[in-house]
Amino acid sequence: MADIVSLADGVRELVHDGDVVALEGFTHLIPFAAGREIIRAGLRDLTLVRMTPDVIYDQLIGAGCARKLVFSWGGNPGVGSLHRFRDAVQNSWPVPLEIEEHSHAGMANRYVAGASGLPFAVLRGYTGTDLAAQTPTIKPITCPFTGETLTAVPALNPDVSVIHAQRADRNGTVQLWGIAGVQKEAVLAAKRSLVTVEEIVEDLEPVPGQVILPSWAVTAVAEVPGGARPSYAQGYYERDNDAYQAWDAIGRDRETFSRWLTELLGVEEPA
Amino acid sequence: MTPTGSADWTADEMMSVAASHALAGVTSCFVGIGLPSTAANLARRTHSPDLVLVYESGTLGSRPTRLPLSIGDGILAETAEAVVSVPEIFNYWLQPGRIDVGFLGAAQIDRFANINTTVIGHDYAEPKVRLPGAGGAPEIAASCGEVIVVVRQSARSFVERVDFVTSVGYGRGPGDRERFGLRGRGPSRVITDKGILEPDPATCELTLTSLHPGVTVAEARESIGWDLRVSPDLTTTPPPTADELTVLRGLTDPEGSR
Amino acid sequence: MADIVSLADGVRELVHDGDVVALEGFTHLIPFAAGREIIRAGLRDLTLVRMTPDVIYDQLIGAGCARKLVFSWGGNPGVGSLHRFRDAVQNSWPVPLEIEEHSHAGMANRYVAGASGLPFAVLRGYTGTDLAAQTPTIKPITCPFTGETLTAVPALNPDVSVIHAQRADRNGTVQLWGIAGVQKEAVLAAKRSLVTVEEIVEDLEPVPGQVILPSWAVTAVAEVPGGARPSYAQGYYERDNDAYQAWDAIGRDRETFSRWLTELLGVEEPA
Amino acid sequence: MTPTGSADWTADEMMSVAASHALAGVTSCFVGIGLPSTAANLARRTHSPDLVLVYESGTLGSRPTRLPLSIGDGILAETAEAVVSVPEIFNYWLQPGRIDVGFLGAAQIDRFANINTTVIGHDYAEPKVRLPGAGGAPEIAASCGEVIVVVRQSARSFVERVDFVTSVGYGRGPGDRERFGLRGRGPSRVITDKGILEPDPATCELTLTSLHPGVTVAEARESIGWDLRVSPDLTTTPPPTADELTVLRGLTDPEGSR
């Protein structure tokens, strides 16, 4: 059964230097507060996994937490580039960043394989692109019945996956709804999982389109209201588009970013 | 519908309207964010009210009341016929070829409609510019019935050969899609701010088939990084109607998007 | 977009002699009325596909509609054996019945592969059992990353899949909830699909746990109230356990079954 | 709890109670229908109220208010923590080994706890008796942390070697599970109407380790199709308590199941 913990304790107990860490949330329910807590915890040499390393990973990369990034799309949605990500890839600032690059379909299927206890997944993908030549985790596989050649990608099994959800009950059963992305797969694929939630409630009123993660499939739950800001939590708050715009200026310049970071490290996450 | 003159609209507006026209008669469209999303939503608000919009965030049949700001905008889930997981949208809906049209943008596109959204420069490890990457585009380009690309013309974006093939158009020419086992027909139209390019049936090379009103062939060719062929049947793109411009401006106006 | 049709027209238009036909519904929402209509239509040489060929397939097999059965569990749940199925397998009555036998996990993954446009699926299954030796559609496959040997099964892509759901709207968008089984996969894997529903409504009020099949992914919808009886339709009616018990006596004896069949052929399905 | 005597219960009741005891301290149980379901529900109603019941129909954490009549009984969905698709229950929940105990029945079981639910007779094509088949059992037997089998003893059901291996116990002996790549530990107990059999740690052969009250070793051995070894540490199964019998009869009573 999942433990109910504070965000700070959850991060310190479950995330360690050098871990493979996935913070998921597809535009919706992005675990920003947990990301900031990972920065505060001063974690290093992480292999960060995420389909869409947007602003949350720009912050982690700029703060020097990451040694490697496994991803399929790295941008600031609706705004432009991730300048910290670019600076790390192009100039190794603040530390070199190794990348392992896939497509969304490939990443999604890697999580599915991980959640399914399989070492790999099969899809129609990558053929004819230049990605396969750059990414060793893309290989051809032959159908034993038709002889057709398809593409195999290896399972993703993070040491820890972190997601944000709308609610949990006191037993640690998690409920989320709206765009569900790949969060269920990320949690089920991981050795450990940390779920931040808007609120912990007595009873989880069923919601159409809900995804339920039973308590026994989750390691720890932390109540972090607003934990997905500046992304959104359907039914709780809207996306703060101005903050995404504002990040462009912060991330663009090393000094400005460093000031942002210094300020962050001085401020405790409200929990 | 009152006729309009090229003074009445911007090149971007003409591009979005032309792109929306390309969706006439289409059942379902897998929508990339940005210009494609604008055009797809314009189509649904004008000539194709039943157009099924599919976004990679897992929303099927969304009817957004405003232009979504990202492919995971909450308005897409709230107005969707169904919301499915990201693995399901790619595996059950895109991969089998259920979606008629894939609607993509591009940072770089080449003579054979291959798309680059990964890196500018020829060294992947030391790129001149690191772009966002593939996202859903490679499989959209591979599996949709056909692909429509919406991109502004510039010598930087229209190149002889893309620095990196993120999403396959026609590879190096006829037969490559079949050789790669790609089941969709590939790019049928590239809609720009100057006109419309279509692959030559024989060579698969992108060819100018339509000019937007007020644009000259010279203007269309000057910003293309290869010797752009002009179709003998070159036509002029129908201008936007006043109604289309009203709807489009309602969609893109920041006030409309709050 | 799906056509709204009568059950009789739907079966006659979509199901043909010799077709591979899947009628799915995992204990819940079993399309019994459609099964009876297939018998009435006098269809022959069908390859019947179903994870749990229970009473519905006992009826089709006894009526001589089937040449082959692809399945993973053939019994009368909570009662015992399927006597028509046994009689066909053991005594070729009324016609010989070829069987292709899998496990539930294998069948479920075969539908998933079919729905995903893949020629095969990979699972951990069958190893050490005697099934693999009897079923040519079970083959080993090697992970290209770890070298581990797993099991591959080919995709199922029925000519037509038939399911029953609680509701559809006038456009033919289908909504079902409760135990959802493998129905979505069966419909998406098939070339054509027929969905019988309890009722066609103006608006599909969202229901927690609902599965939606968009109209454009379905071929035809027929309104058939009670179309899942004697199985159940959550929110509409309970399982008629007595009918399952009663079937044991009917199916056990060829004469009794033949009388049941004669009566069925004389009676039109209420539509 | 008032003590009871063997006159106060039936052999089936003793079997179900003993099987329910086997679930003490277990978090999650993948439940086959019939005797296993009765025992699992008894356990949840007595010593293990938080036991997570998982059924192959896709119900996770069901708390049925009556005994389900099938693995897809509506009561399982209505009282479930979550209902998932059948592919998901097998792929995301069973296959990775998330479920502690798999609870199975058997038509035939052999010396090494291999289970047959497919055919009686040695010719698969021309079986003496055609049984229902595999269902979810092979993967339950392969992937659950451990497997508990509940089956009534009879010479027909307990055989030297099963006619057909539907679900693997220990194959032909030590090392076979590893050889087959099965990740669960395999059958830990076979609970019958006479007693409890457990695999010998060295040979994997099923051995009598506990006798139900009032049953003699001779009675337990007579209905076994091989020379059943008796554990030197043979114990007597604790008798059902009055409370357990009350709950069990409430579950199995036809009135209770309407």
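As written, the chain order gives the labels A, B, C and D, with residue 1 at the start of each chain.
The definition used in the following text is that a residue touches a chain if its C-beta (ideal position, glycine included) is under 8 Å from a C-beta of that chain, and two chains touch if they have at least 3 such contacts.
Keep in mind that this is a model prediction, so the values were computed, not measured.
A.B. asks: So which one's got more C-beta contacts, C-D or B-C?
C.D. replies: When B-C is set beside C-D, the one with more contacts is C-D.
A.B. asks: Report, in whole Å, the distance between the mean C-alpha point of chain C and the mean C-alpha point of chain D.
C.D. replies: Whole-Å distance between the two chain centres: 28.
A.B. asks: In angstrom, rounded to a whole number, how far apart do the mean CA points of chain A and chain D lie?
C.D. replies: Roughly 40 Å separates the two chain centres.
A.B. asks: What whole-Å value do you get for the distance between chain B and chain D if each is reduced to the mean of its CA atoms?
C.D. replies: The mean C-alpha positions of chain B and chain D differ by 58 Å.
A.B. asks: Which positions in chain B are in touch with at least two other chains?
C.D. replies: 91, 95, 143, 183, in rising order.
A.B. asks: Going through chain C residue by residue, note those that touch at least 2 other chains and give them in order.
C.D. replies: Where chain C meets two or more other chains at a single residue, that happens at 117-118, 123-124, 148, 184-185, 209.
A.B. asks: How is the touch graph of the chains shaped: line, ring, star, complete or other?
C.D. replies: other
A.B. asks: What chain pairs are in touch here?
C.D. replies: A-B, A-C, A-D, B-C, C-D
A.B. asks: Which chain B residues qualify as touching chain A in the complex?
C.D. replies: Touching chain A: residues 33, 56-59, 69-74, 76-78, 83-87, 90-91, 94-95, 118, 124, 126-127, 129-139, 142-143, 164-168, 171, 176-177, 179-183 of chain B.
A.B. asks: Applying the document's contact rule, which stretches of chain A touch chain D when the two form their complex?
C.D. replies: 1, 112, 115-118, 173, 184-185, 188, 212, 214, 216-217
A.B. asks: Touching chain C in the complex: which residues of chain B?
C.D. replies: For chain B paired with chain C, touching residues are 27-28, 52, 60-61, 81-82, 91-92, 95-98, 143, 183.
A.B. asks: Would you tell me which residues of chain C are touching chain D in their complex?
C.D. replies: Going by the criterion above, the answer is residues 26-28, 51-52, 71-75, 77-78, 81-82, 85-86, 89-90, 101-105, 108-109, 111-112, 123-131, 134, 148-149, 178-182, 184-185, 209, 211, 232, 234, 238-239, 241.
A.B. asks: Going by the contact rule at the top, pick out the chain C residues touching chain A in the complex.
C.D. replies: 117-124, 137, 139-141, 143-146, 148, 150, 152, 154, 206-210
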